[in-house]
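The structures come next, written out as structure tokens.
Okay, so chain A shows up in both of these, paired with chain B first and chain C after.
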Partner chain A sequence: MKKSLAAVFRKELIHIFRDKQSLFMVLTMPLMMLLLYGYAINLDMRGIEITVSDRSLSPRSGELIRHLEATEFFHVTVAGGGVSDVGDLFRSRRAQCVLEIPGDYADLLAAGKTAPLLLAIDASDPNGANFIGNYVARVVSLSFGERQGLFALEPRIFYNPDMRSAPFFVPGLIALILLLICALLTSIAIVREKETGSMEQLLVSPVRPWQIILGKVLPYTFLGFLDGLMILGAGRLLFRIPVEGSLLLVMAMMLIYVVTGLSLGMLVSTIASTQAVAMLATVSLTVLPSMLMSGFIFPVSSMPPLFQLVSRIIPATYFLEIIRGILLKGNSLADLYRPGGILLGLDGILILLSIRAFRIRLE
Partner chain B sequence: MCNSRGEVVLEARNFSRSYGEVKAVREVSFSVLRGEIFGLIGPDGGGKTTLLRSLVSLLSIEKGELFFEGRSVAREPELVRRRIGYMPQRFSLYQDLTVEENLRFFGDLFDVDRKEAEGRIEELYGFSGLKPFSRRRAGALSGGMKQKLALSCMLVHSPRVIVLDEPTFGVDPVSRSEFWQILFRLREGGTTILVSTAYMDEAGLCDRVGLMYGGRILASDAPELLNSRFPRDLYGIRTGQPHLVLDALEESRLCGDCHLFGEGVHLTLEENRSPGEVEACLRERNLGWTFFGPVKPGIEDLFLLLMKGEGHGD
Partner chain C sequence: MGRIKALVIKEFRQIRRTRAYLGLIFVAPFVQLIVMGSAITNEVKDIPLIVVDGDHSPASREIINRFSALSLFDFRGVADSTVRADRLFDRGEIKAALVIPRGFERDMGRGLSPQIQVLIDGVDGNSAGVSLGYITSMAGEIQKGWIGSRATGAGAEIVPRFYYNPGLESKLNFVPGLIGILLFMITSMLTAINIVREKELGTLEQLMATPLGGIRLIVGKIIPFTVLGLVQFSVGLIAARLVFGIPVAGNLLLLYFMALLFIMSTLGLGIFISTVTSTQQQAMFVAWFSMIFALLLSGFFVPVGNMPPLVQKITLLNPLRYFMSVLREIYLKGTPFRYLLPEAAAMGGMGIGLITAATLRFHRRLE
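== the complex of A and B ==
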């Protein structure tokens, strides 16, 4: 009986290594996706066009402008003598924000009074507008030095002190890509045999559904794991992702997650009737939910309650918690046994469902 | 129908199977005896594949019963799958695996002891002549060799009963004849063989045949006995213009039944008509022939006759 399992396992290995074209795709596609998404999804803001309408033309206003110019965040254009139409600047995209320095700026400061600055922001990108507002406020308060109010709020940033977006996104990308690739790997594993007709021959033998399912999942586990290591390595090298926690723990969790993807694909494959349907279903089952509802970009806590419920059955939700926890915060197994256990449970459920859904007849 | 000298190995009792509205198999009863070659003969769409798939437990059973060595196929599909050898109509092996890898795979799948499998594979190479191609991928084999490989794969676990669905379909005549030689050798070794085919000329190679059309088995017996069931005298005309002769005869209303047959026409006469009248009819129309006279009816003649009787049944 065990020999049937070994037979399916060996046969699948031969399929994998003999189909060089697919093997090449499987090994390069995740890297390509990491590069594409990794460089495209970047919320770090840089080179914001700011126009300073300097009506003061004083050394004090010049000092403020120098402070703005000193950051990479802004690209400063000074309009000496003021800007007449802010709306025009925004419409023509020559500026994303305009800082208005009043004519009596230096005098008011000299008199120890509050000098009103006007900041106009193009908020068609609200997130960006928020950033700009905060940033200008920080620069201005720096420029005023200790002449500020009675107390100051001084934030300390943990885990990602430079607030780069890559350490946040790249682990998420790993979760997304790995799930997609693994699910795709197995999504055609069974339906292909239905389409080519070999299933008809395979079924008339003592082989049991669990042997077919496991015999197919196991060889792909190696491949999926290899893919996971590759994108983790590439993320470290290209995007300088930190690895604060145990690398071994990351790998162990990745193995569990790889099997989640593979068994999800397997379930699709046992149900689908053609390879095309299987692949389409797999892409829509993995990419969209993982991207939108796992906390990959948007935090789960700010979703409507219904979506929060849905996010709980998305494997990526748990792996995101795990991989961000280990890589950025240095979490140990004690912090992560819950999401890890849930993933392991999902693996079991998906595989059992695949075995149950496997049709031993041809209808 | 059940023959007393042999043990019944495969049996269908009032078996019916439909796909939605289409009735693929209708109330079929027949049995295959130990050690014989039983041929299911009939045109495509006659229900052969559905019947064979049902017998090897690949389809659920709707009506009637199927038995394998006396055990119900519906209740014990695992037993059937372990003991039977089945070769589907479509080439169903792994094209990217070599000949030897395919053979080994099926050996392991059926849990054949490795040593035993090695010996069996050598033996099968002897049968099939595939030894020189053992390292070639199955997808790169010719049609005839593919069929021999498929046959070999389902023989690795030495089943005593094998079911083959149109194994010689689309295979060149030489390979076809070689394939049948292998089947004869298997029969000598005591293997029971149920084979389907659309080639009428293969009927004579079977011990018994069932003529299948429209989901029914119209007649079933030894081929030579079936031939003697032909109820009337059959005449044959060999001619260079078979189509014109056929048209002329159909118009003349002299014949009970006439149909194209190879290089000529086969016909039976209406009652009280004589062969002379047929000759006169053809002469009148200036149609020549090289032979005209009584011929021995073959399976195809019987088949066409039975089809006409059954064809308008419903």
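== the complex of A and C ==
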């Protein structure tokens, strides 16, 4: 019994090591993705091109421009006589926003009144436009000195005080890579045997079906697990990702999630007949939804209600909650019984489904 | 010429025969646009929030009322102590909390400017920043109401005007970008897989043994896949208009011309991938990963200007980066060709370069 399982396991390892190109990709791709996400995804804006259309040409307007120039956020161009065609500035991408200082600016201020400053923003990137609007408003109000309000706000940011993007993405990346490797490689490995016809040969051999599946699946479990640990280690070294909670708990949860990936892969392998179909089906049925609808990048609470419902049956949603909770918030098992329980439940359903599907295929 | 025509006819026959292709070209873009266009948003809405009220005064109640009425927040009630707030944060049930201190109203009356603590879950840094912005501007509004309309002294007020997307809707930014991504995916992947499949089957060598030659063979592959790409692009445009109600502000002909240049570069990439791989599985792997890299470095999620200088230089090698800005410029802003010349030149140059490189590799394999 054990012997045949070990034999299938060994055979699969040989397959893995023979295809050096794929193995290389499986081991380096997660690191490349980590570097890309870590360095390329930076939501802090800087070097915003702002054109100031100064129709006032007064010491007061000059003072305001100096305040804008003093921040790193802006790259200021002053148009002395004013700007005639804002649209052309935006279309040629020479400016992202245009601040219009009116001709009576100095007079209004001298009279002790509030002067309106028209700020035209290119909102084709709405997120950026929002940031720019807030930032200009802040610089302008600071340039008139901090006035004491009736009350003040004292912000305290928990878990990720500098609001960096890496602590948010790296745990998510572990979830994504684990799923990608486990589901994709398993489905391809099983379908390959179907395609070449060797699966039927294996099935008529004295090796039991569960031994075939387990023996094929286990090596990929190790690969996926290894990738997860690699990302965790590299994330810690390169991007100072904290591990607030227990590392052992992280690994235990990773194991539960690996099972999710494997059963998804097995499920796909029962419906796909060629490797190409298996790959496309895995990517579009498991990887894309997990990437888009789990809260990996985009907050679930901002999605349409229907998509929020879909996100609740995606295992990655719960795993993300768990792994971010442990790594960033220091959650213990007591905080995680709900997402942990649901993840286990989904695992159970998936395993039952894939066993059923496999049995039907056998007959 | 006649030989290329025969080859093109053969390709079209094969495409028509493969049901999956037709689904990929006509159905998938619709479905993917709908799903992704709705799921991908960086608007921040329904932030779960509680207020810890230590004052129980008319002032603190007004603050609670104002925040609970705002649709940006998902108001989860009032708590008595921060201990409860801490637990809710740990479980991820709330993302923001306001803590109004005891004696808040009294201190305001004395002009002591008491502090309201704003607690925010910073795990998602972007959402945290946006939430803090909402809370700050809401607090500003409440204060303004309390101070009343009496003169506040000389000052300036920003009156923002948002061009091209007044409602600041994410979909106007993401949907045109998605059309480009889908085009990249289909054209580069299909070409790579199509050629590698012929390699695997051995039919490619048979074709090469005919008097066709490498260049004609490649042209015979490029024409049908360009047509497919343009058809799929049109399906994307129609879907964007029908499903999301996003019209093209600029010149449609210019958009198609740019799409053609872009398809040249993605087909070049696909053919190139087919020359460096030997099985369909490998081709798919390489195509898939080049897509992920192209996607991340295209400015789709994150503006290229935010990236570190070195990464910005790398993005110059990415055809999707150029097409991404072309799509957004023409779609939303109606930008004329003269401002898009650099992008056109880059995509055209890359297309020619990649196709030449692929043809040369093809020839080398022949000998």
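To be clear about the criterion, the second predicted complex is superposed on the first by the 272 of 363 C-alpha atoms of A that agree within 3 Å, B and C clash if a C-alpha of one lies under 4 Å from a C-alpha of the other, contacts with A are read in each partner's own complex, and residues count from 1 in each chain.
What we mean here is this: contacts are C-beta pairs under 8 Å (C-beta built on N, C-alpha and C of every residue); 3 or more make two chains touch, one makes a residue touch a chain.
Here the structure is a predicted model, which is why all the values come from computation and not from measurement.
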* Considering only touches as defined above, state whether A:11 meets chain B (first), chain C (second), both or neither. => first
* Contact breadth on chain A, by residue count: chain C or chain B -> C
* Asked: After superposition on the shared chain, which partner residues are touched by A:140: those of chain B (first), chain C (second), both, or neither?
  -> second
* To do: Report for A:122: first if it touches chain B alone, second if chain C alone, otherwise both or neither.
  => second
* Asked: Thinking of the overlay built on chain A, is A:271 touched by chain B (first), by chain C (second), by both, or by neither?
  -> neither
* **Footprint overlap on chain A, comparing chain B with chain C** => none
* Asked: Which of the residues in chain A come into contact with chain B in the complex?
  -> 1, 3-4, 6-8, 10-11, 14-15, 18-19, 196-207, 360-363
* Which residues of chain B touch chain A in their complex? -> 53, 56-60, 77-78, 80-82, 84, 86-88, 90-97, 101, 105-106, 108-111, 150, 153-154
* Of all residues in chain C, those that touch chain A in their complex -> 20, 35-36, 38-48, 74, 89-92, 104, 108, 113-130, 132-133, 135-137, 139, 143, 146-147, 151-166, 168-170, 172-173, 193, 280-282, 284-285, 288-289, 292-293, 296-297, 301-303, 305-308, 311, 328-329, 332-336, 339
* Where on chain A is chain C touching in the complex? -> 21-22, 25, 29, 32-33, 36-37, 39-47, 64, 86-87, 90-93, 105, 108-130, 133-134, 136-137, 140-141, 144, 147-165, 167-168, 188, 275-277, 279, 283, 292-293, 297-299, 301-304, 307, 321, 324-325, 328-329, 331, 335, 338
